[in-house]
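The structures considered in this document are given below.
In what comes next, subunit A is part of two complexes: it sits with subunit B in the first one and with subunit C in the second one.
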Partner chain A sequence: MRVTPRGFDTEFDPAQVFDDPTEMDLRPGADNCYKCSTCDTSCPVAEVDDDFPGPKFQGPEQWRLKKGDDRDIDPSITDCSNCMRCDNVCPSSVPLSQMHNTARGEYVEGQAPSLWSAEDALADGEFREALSYLRGVPSELSIEFVRNRVLSNYGTMAGLGSEVPRLTNLVMGSRVTKWVNDRFFGITAERDFPEFATQTFREWWRERGGPKVESADKRVAYFHGDYSNYNTPEVAKAMVRVYEFFGYEVRVPTQRCSGTPMFANGMLRDARRAAAVNISNLSDFVDRGYDVIASCTSCSMALGQEYPELFDIEGTQEVSTHTYEALEYLRIHEDLEDELRDADVEFPDLAYHAPCHARNQGLDRQAVELFGELDSLEVEDVGDSCSGISGTYGWKTEKYDTSMQIGEEMFEHMHDATGETGLTECPTCAMQMGHGTGYEIRHPLEVVEAALVDQ
Partner chain B sequence: MAISDDVLVIGGGLAGMTSALAAAEEGVRVRLLSYKKSTLRNASGLIDLLGYADGGIVADPFEAIPALHEGHPYERVGVERVREGLDLFDESVGASYLGGHTDRNALVPTYGGTVKPTARYPVSTAAGLASDARPVLLLGFEALSAFDAPLAAEHLRAAGVPFDVRGVSIEFPKRFRADATAMRFARALDRDEPADDADIGTRAALVEEIKDHLDGAERVGVPALLGDEDPEEVRGTLESGLGVDVFEVPMGPPSLPGLRLEDRLYDALDDAGVRVRTGNPVVEFDPDDGYITTVYTDRNGQHVPFEAEEIVLATGGLVGKGVKSDRQAVYEPVFDCHVPHPEDRYEWFRDGAFDDHPFARFGVSVDRDLRPLDADGGVEYENLRAAGSVLGGYDLAAEKSGSGVSIATGYAAGRAAGECA
Partner chain C sequence: MSSRTGTDTDVVVIGGGSTGCGIARDLAMRGVDVTLVEKGNLTHGTTGRMHGLLHSGGRYAVSDQQSARECIEETRILEDIASHCVEKTGGLFVQLDEDDDAYYEEKLQGCRDCDIPAEELTAEQAHEIEPYLTSDVKRAIKVPDGAIDPFRLCVANAADAERHGGRVETHAPVTDLLVEEIRAEYVVNATGAWAGRVGEMAGLDIEVRPSKGVMTVMNVRQVDTVVNRCKPKGDADIIVPHETTCILGTTDVEVDDPDEYPEEQWEVDLMIDELSALVPILEDARTIRSYWGVRPLYEPPDTGTTDPTDITRQFFLLDHAERDDVGGMTSIVGGKFTTYRLMAERITDHVCEQLGIDRECTTADEPLPGSEDAGVLDDYMDAYGLRSPIAKRSTKRLGSKADEVLETDDPNPVLCTCEAVTRAELRDAIDHSGTDLNAARIRTRASMGNCQGGFCCHRMAYELSPEYDERAVRESLDELYQERWKGQRHALWGEQLSQAMLNHALHATTMNRDRDPANDEEPGIEYGAFDAGPGPDAEADRSATAAADGRVRSDGGVSDDEKDSSENGGTGKQEESTRGDQ
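Our next item is the complex of A and B:
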């Protein structure tokens, strides 16, 4: 008989003092803040950017200022990289990232109100209304807005690009493309665009004929995300093979981007549309007894935390409580440690970086803890600094230097580590690790695959 | 299945970390579960053992401890465990702390200009001890309003310290945004960032500025912001530039000495092979025939199971939220252990702010093995021990015994858990 002590049943019930209650009432969170500034001391952006006011301002203080008089959201909200480290340190459980996401969404909404309204009208089939809104669009749109919208809809772009992967890789890798991107769109030329795989994960999955294992009680629905579909299908394949090794039936639901880059760019309407598709498809599986597994820690963060914090779509909480990070799920349900203890793996020594979003889910020490069981392999944690890329953040020309300054500590520690191959769960942390060191970067699932399946 | 270890410590503060280290010494596998990042960054970094008892200042805590009332955490564990706990602490922090050479308390000046009796102090504060007769210059920075050096000096004089003390406020050689914390100053000194109005680094510029105010002072006290990464190098540079000793005055949050201590203890946990998991609170558990078999952490409604033979509860007190209250009752939120308190909530406090408040002593009561007791005096769970400020029966703020109780009971609980597992 499981016991839930009374301590966590007591919900704070604030009195309604504002005339216009917003959709999300963040007042309890703002009231919980007692200004200890712990969040500011853990913010990687504030650490390198003296002009950034920090999470305490962006969250509870800005929220209060806005309520008091008719102030607009401060533009510095777009300098927040959405690493969510502030959530993890607040001793008073203020939902800082929820406040930041909400504020950023409101700010970006105000950047192009006509466009959003036109899109909504279009979606409702109100063509005449849409047209009337469209007239206002040109004067509102900025290059920055368009750039951010393109970046945050990476999955759509990747879907097109991966139709002709070799050509896309050639074009995106060319110096002319990079120069144009940098000069006209504010996408840095310092980085190499990630290469598309010649066969996407989903193509491989279809060719393979779907699952090789069927099971009535061990069933998971895999949320692979865009990156392991288009760019690193080897990670997604490792997930499938490892789970099938443990006797799981793996299904791959139709899915869209988890929304992580959209949250970070304040494109909440895009995120909501993607979330609605994901929640609808995933909850079908959850209803049939499947748990949802993500191999990317930002995807599991989005489904697990950001969806319920930001959206009220039906089925959200159900999907959230059934979504797990891939290795943690195996640790809960299988004796993964024991399996690994006896394994002999051929894999290079590794320098592991814990993504901020893994940290926030309590998973930052998991990989090193697990692979510590392997005698034939050395894994070193390169410390608790942020990689600095934070998804699309480090791709922006004006943010590139900040991004690399934040990453400097991680690069140094990677160089100090014995291993000359990187390891991380997050695809964009992996980009940054590779960019700063030239190392090849692998995913923990690939290590498990090498240890257990490839034997 | 659950994620499995021998000993599970719940709480990542001083008591929890000490518990985990002590349990690991017994050769068992230990996991530390902490809801949030350690709150040691809110602590001064001083390790108080017992500063006041019976309304008077304590010179030798080890003489005073045996006279404490029954039920006090020190009485529960006994003076021997207090010594052993401190030994473990000294071992874990190495040369970064002083005070272990004597049983007697040291007197460390605080940023409010009081003198605090404490058992262990960071090496960076050593030159500031109030038992030293050399004249002191206290130095504050205009931009850092938390430390008013002239006022602190005045308070120290009023307290009757046996040395001359002056306080001045100067401009820090580099200007930051108005609400910059001590961390920002520390980072500038760590990296020796260029000063604003000179072609030199902040360290050298600071030396130049302080020189003008020395005027016979043989030691200089500054707020605790002399570097985060490499405080000894920063302090050393200032000392050799000035030709006098430099010391740090511990500050409120975010506290650099607290952060440095956190780093040292986390290194010690890593060296001891303790597995640490941070980010999610423990909200549920499975009891089985008087034992706790599994606890569950919560992540937005999703529960992750952890099982262990022995469990240590080190979740903190009223401030740390290891003891909570509503209008009806005072309770311990994780295992619902009994917290003795008067039924009428108007008896929980006294009227004056500095009166002897009953709530200050609220917490779980334990047997001499630190196992929490229910309302009838029976053991709540055979394999559960409690440590640190979740314990009742003492007033840590009035006694100045917070760190010492955390270390002594953390050590005792961790060691017993390790032996039983």
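Our next item is the complex of A and C:
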């Protein structure tokens, strides 16, 4: 008998022939699956949608059934919200999220090859050629493609919008805009578009003159992401103040979207471009002794896990191993519990929801554990259900109902909790929490800031 | 009764492998009254245990050029007449840095001598085709090797024989050649490695030299083309992509008895160790099972070859009237799967000559059932309401039968998720194979994926009900589950060990199949009382028992999961299955 436990390695190197992640062969990843179906039982979409075949089919089964040159991915891949819970619960380390992201990328490529060609032609200034590619593409397909493209490139849109934040807020909040978005672009009118801050975080940072603390050994590069730059700069500011309180030198590298919404929409070309910029800029900082800190758990997930799973860009691994979530990092290097124990904080009682992506990084209990030390406020975990919005997913007209059904459990538990203010690390979970309960939603860094930093 | 001679049939063909089925088809197509008898189910012997390689002839291009020429010709024919059984994968002969240049040149020249299209590839080009090849590749030769499903091919031949008036009797062992049950004017012994056994019954001495070879089935396709190591004969030098899997092969060891020979772990280890040099990812890849086949090698008396790898792969037609003065019987021995049709043609020519029939062979031109209309295969998108990989796999298997089988108004859930087999496809197989679930398995591939039936054996058995009674269903389930277990015994490490444990837990514990009281001859449980429902006394407890029922459903349909839980499984042969599982 063979005694060496062959195959206990959970890692395999997918064959990546080209730079294009959709060319990746993930079939060997199916070796790890013994079909226990734990992934299916933890999938929030499968729980509410009987037509969704679930992660076991989407991942190991579909990959195993592929031949090398097959490009026809089942359309149900677009119903996956990319919460990545399956990835987390699999007892056998099947690379589920890598499989889903790659398959989704292949699906979108296969659906819209002429749309991508049109874009390439446009970029070259060949308008006639671009038009010729667009002829013959069904209009529903191009509209869906454009919508997903716009949603996944939120940063670009937000950059424009926040040039004139008050006007944008007025326009985006109007009923007419919502109706048009819903009717023609498939962006639900049920939700209120998040307001743009009158001053972005980066504007504030420039105005402030950059870091107030310099240090030779405590140095972090802050990956704020688009949302806390354009919409919730108070979170980013809290991050800076808290870190400076602990004596860290904070730098804010030039950056683009982490890619999370692009992965979820199968826009792997866009994701790769954004990742290339981020990896290049962040690895410069890592080389100089900085660790990378994100205040959004999906951003830290993208940098830490999805980049190395999908891209072979130089410096990816280096950035990945030096990336941390903001509270996680402080808990590793500082005695945060001790600091908070005697702090007096004026903050409302909180109903905390752990984002799925925080859960995947093992961070789902940290806010509750930390703030449990505070006598002056109560924080309750509202349970382990998914909020249901999953970034851009819940913004799509056809996914809105699914999104709200998934969120139902969380809304209920929030109502049952003592606190009437929500708390979470993830900006889109925050949108969903606010949408479902009407509560104001805060970020854990804001609590730490209120407890420790004199303003 | 045959009209010609007063016997039951004109010709009996013994052996339901590729050759026997091919002969039965050829004879039937030429209007001969033929009966095929097979002791197990079709492909029970060597055919069901072959590698799945459709030879371009490249493998024999140096050592056995006549076989090589026959292979390329027959491969072209099978690509045509059996398109639903063939995958045109192409093949590579890969030379590594350490391999001999002279042999590479010989191979290339040999292919060209035999009219086998052979294209030289640089290491880079070879990697573009097969990215998981080792970086030690020096160069490669590309040839038109392919993959073939021996099961579907045999079944199609048998079906076509029946369509032309032939009879096919499976589970019909030949006990004696003089028995009264089936009288025939002529007997064809197409039993391959078992030809000597059958010959003995007629007092004939047929010197087959059965030689075993191991094949190890990987869980996924690490390669999509047939990958051969380009060096002179050796063990463990070929990887064949087969459906969802890859099959590694093989060894060549002479055995005394085609039914009883040792299946040794070193053979499996050798496959993985040697072939990892060619495709390194195999080293840690998951193996789902291993099986052994016995080659029906034959060499004419007094050739005296000692090493079985040197025995020719050509086939021989032994007319026992000429050879042994025993009339009315011919044996066909040697040869290989790829040339089964040619062998059938030759022996049918011979039989027809004996019977005075003058009809041309048409088996090279007439497509087999399932391959009549190649266009159908490309037309699966959006068809039948199936998810795309399922529609694709199922349509490929069914070929031109796809419409007939998959177009159904009934719910058509996927029963075997590993291999994407739906209820409609399985029911169609059962229509042809009855309670023999292994026969349904080879027609559909259900239970041949990574869980090896752990999640679908019972679903498959359930489809036999209510047509067949409970006892028959349980026996079929046991038989299938045991067959699946047999091959996994040689893969019990890493992931497949986890799989086997999970399967055992599901079947023995969750389904209670090792202690199911329903298996008792005299059950101690009063099912009658239970089935009659609660009496008036129990009315008060109703709310308490309702929850345990677990069968309440809102849509009125039966979901798969509910079927699983409502179906008890069970082992008719309790001890045997328990022993097997340990």
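Here is the rule we use: the second predicted complex is superposed on the first by the 397 of 455 C-alpha atoms of A that agree within 3 Å, B and C clash if a C-alpha of one lies under 4 Å from a C-alpha of the other, contacts with A are read in each partner's own complex, and residues count from 1 in each chain.
What we mean here is this: a residue touches a chain if its C-beta (ideal position, glycine included) is under 8 Å from a C-beta of that chain, and two chains touch if they have at least 3 such contacts.
All of these numbers come straight from a predicted model, not from anything done at the bench.
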item	value
Subunit B versus subunit C as contact partner of A:317, first or second or both or neither	first
Which superposed partner A:131 touches (first subunit B, second subunit C, both, neither)	neither
Touching partner for A:36 - first (subunit B), second (subunit C), both, neither	both
Subunit B versus subunit C as contact partner of A:123, first or second or both or neither	neither
Partner chain(s) touched by A:65 [first = subunit B, second = subunit C, both, neither]	second
Partner chain(s) touched by A:328 [first = subunit B, second = subunit C, both, neither]	first
Partner chain(s) touched by A:171 [first = subunit B, second = subunit C, both, neither]	neither
First (subunit B), second (subunit C), both or neither touched by A:143	neither
Residues of subunit A at both interfaces, subunit B in one complex, subunit C in the other	1-8, 36, 53
Touching residues (chain side subunit A, partner subunit C) in the complex	1-9, 12-13, 15-17, 25, 27-28, 30-36, 53, 56-57, 61-70, 72-76, 92
Parts of subunit C lying in touch with subunit A, wherever the complex brings them together	128, 131-132, 219-222, 224, 244, 265, 268-269, 272, 281, 283-287, 381, 387-390, 392-393, 417-418, 420, 449-451, 454-455, 492-496, 498-499, 502
Subunit A-touching residues of subunit B, taken from the complex the two chains share	1-3, 36-37, 39, 41-42, 176-177, 180-181, 183-184, 187, 253-254, 259, 275-281, 283-287, 296-302, 304-305, 320, 324, 326, 331-336
Subunit A - residues contacting subunit B, complex	1-8, 10, 36-38, 40-42, 47, 50-51, 53, 88-91, 93, 304-305, 308, 317, 320-324, 328, 331-335, 359-365, 369
